[in-house]
Amino acid sequence: MFKNSKSRFDSISDGIFAVVLTIMVLNIKVPQSVSSSSINQLIKEILIYLTSVGVVSQYWFFHQEMFNAVKKIKNHIMILNMCFLTTVSLIPFATAWLNDNLFSRITVITFALVLAVANFFQYLMFKLILSDCPQINKHDLEEKRSALIMLIGSFFYLIIGGIFPPVLLILVILSLFIRSSVAHIIRHF
Amino acid sequence: MFKNSKSRFDSISDGIFAVVLTIMVLNIKVPQSVSSSSINQLIKEILIYLTSVGVVSQYWFFHQEMFNAVKKIKNHIMILNMCFLTTVSLIPFATAWLNDNLFSRITVITFALVLAVANFFQYLMFKLILSDCPQINKHDLEEKRSALIMLIGSFFYLIIGGIFPPVLLILVILSLFIRSSVAHIIRHF
Amino acid sequence: MFKNSKSRFDSISDGIFAVVLTIMVLNIKVPQSVSSSSINQLIKEILIYLTSVGVVSQYWFFHQEMFNAVKKIKNHIMILNMCFLTTVSLIPFATAWLNDNLFSRITVITFALVLAVANFFQYLMFKLILSDCPQINKHDLEEKRSALIMLIGSFFYLIIGGIFPPVLLILVILSLFIRSSVAHIIRHF
Amino acid sequence: MFKNSKSRFDSISDGIFAVVLTIMVLNIKVPQSVSSSSINQLIKEILIYLTSVGVVSQYWFFHQEMFNAVKKIKNHIMILNMCFLTTVSLIPFATAWLNDNLFSRITVITFALVLAVANFFQYLMFKLILSDCPQINKHDLEEKRSALIMLIGSFFYLIIGGIFPPVLLILVILSLFIRSSVAHIIRHF
């Protein structure tokens, strides 16, 4: 009688993504004055917020695509998914720390590390799901390759972020746009 | 195998709307005393809260109507929807700032700007969904026109809010009632 | 093409209930010491939390029962439901204020007023749904009568809370148990 | 017409689990400096966070398995489930207190007590669901036995935590791994 439920799996994942995406807005502090320094701080916080939301949205985007055709969720996928979602839940914390010390080595490395671990779990899930699937089309392999590129890219973030901390955020934003455009171009040609 | 899921799309949208609608209550600060000034401040915060909740509820109302008949979500709608939801997620911040400085030009303009951007994404989604749809009835066109009126109205807010900041909140409240009543009247005649 | 969606209606309602039920835990402040006064304060906060959770759970319980058989949600029910959920969303604030001033007249009256408004919207929804429904059984009428008793009871709270503030919480707790037991007894005889 | 809805039951449960799992991240405070003492504090907070997330995830895991085959939710299961979810909602508070005083007897006992009460409600639900179910297989009985072992184990936590507070967290982490591995081994032999 007892078995894993696909609809509950979707539901908890979307619930966690939805809360993560919205509680990050609590990191944007209300400016105490309208001096140019507090407005600059606000703009910086909004940019970091938008970047983090972009990153988490991308994870959600892949997640819903990946699990759309899966009918039965095995136990190890359940556990992996929880590890993935827990790592994603750490993004609001990593973002809050980044807000306070944008150019500090340790905050940048923490942010990059959280992304690297999330990318690792994401790639593992892609791999396991595809290995269980009888029919794989070209688009599926593309998405798996995307997940692999994200994983490799995140180690690259870690190294760059460790050497030139201020560059990380720009890299993350660039990679968001590059991935979307590349995917767009590939799909249309 | 991998493709976009309509049910996950609905689920993340409702999750984000639900969190946005409820975390705004955290902006209502518990009064430290029962002096008449702190009670006035409380009443002001509750009124702003109710206005923001009204605005976000209206977005949700349109959103569920708009996507009810859509069966397949294309990638560009997925991305537009995330942009729309991210803008809606900024409403709690804009509201918190408005709470602190109700009559300040910059907070009023920020609030109006967030609404304008959300209205823009909303109108774009209405347009794209209707352009993909084979059968359009009178009510659909009405809703699209409503979204356009909201978009134009929000530029009006921006200008009025920039010139007479204190008027914005009254405009937003009025427009909530006017839209509902107009829609009600149109439906019944 | 555009029309109201029952599944989205359920989904936003459950989302809001879920966030309301869980953010109230943030009102329980971590004690700064283990002196007997801070432990007493903690126990008081936990009791108030449990009472508020009980009240909100009861609203949810009625809500899911009431809308289970409804297939199409009309516009006025949509709007009434949002008004109801917004009032329920104010319960965390009313609870937080009660935490700080348990025996103050104004906090007790605010708490009772929020419940009264929620009970009013709840009763209105019960009435409208039943008036649209062709077949009504005995249990449905019982539930509508329950909603009416809750509404009348809440005016009673308002009066009692205004005269003897400390009695309100006891009344609310008692009524939670009485309703459950009465419903239980009625169902079994 | 009015009756309990299984889909709303699933939906509120997942919503509450999702918010509980994500608001615990707010307990991880952003370090004010990069001194080794604040980094140590941060690592400790992240470890406690991961442990609590592990505990709540396990509850969710059992919950979705347990209710997957249940089609109709009776009133007493509805009430028991709300009691269970309310207890789970107290875990973020218990975790926040543990963060501040990791080795204090009272915080450790509170944490263990919350787990014990949750385990008690969980076991009761397993028992009631199985007693209503016509066909029970070996795996179902295993899961019920697991819930019983968790319940007995939590009394053990209470005693050990009362005598040697610092040991509790290690016990909780160990039991997470032991349960998963034992379940894994049983399933494969």
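Each chain gets a letter, A, B, C and D, in the order it is written, and its residues are counted from 1.
The working rule: a contact is a pair of C-beta atoms (placed from the backbone, for glycine too) under 8 Å apart; a residue touches a chain by one contact, two chains touch by 3 or more.
Computed from a predicted structure; not experimentally measured.
Where subunit C touches subunit D, under half of the residue numbers in use are shared by the two copies, so each contributes mostly different positions. When subunit A is laid over subunit D using CA atoms, the rotation angle comes to 90 degrees (nearest 5). Centroids built from CA atoms put subunit B at 26 Å from subunit A.
Multi-chain contact residues of subunit A, defined as those touching 2 or more other chains: 11, 14-15, 18-19, 23, 26. Of all residues in subunit C, those touching subunit B in their complex are 1-5, 7-9, 11-12, 14-16, 18-20, 23, 75, 78-79, 82, 85-86, 89-90, 92-93, 96-97, 100, 104, 106.
Of all residues in subunit B, only 10-11, 14-15, 17-19, 21-23, 25-26, 28, 30-31, 34, 39, 46, 50, 53, 57, 60-61, 64-69, 130, 133, 135-137, 139-140, 143, 180, 183-184, 187 touch subunit C in the complex they form.
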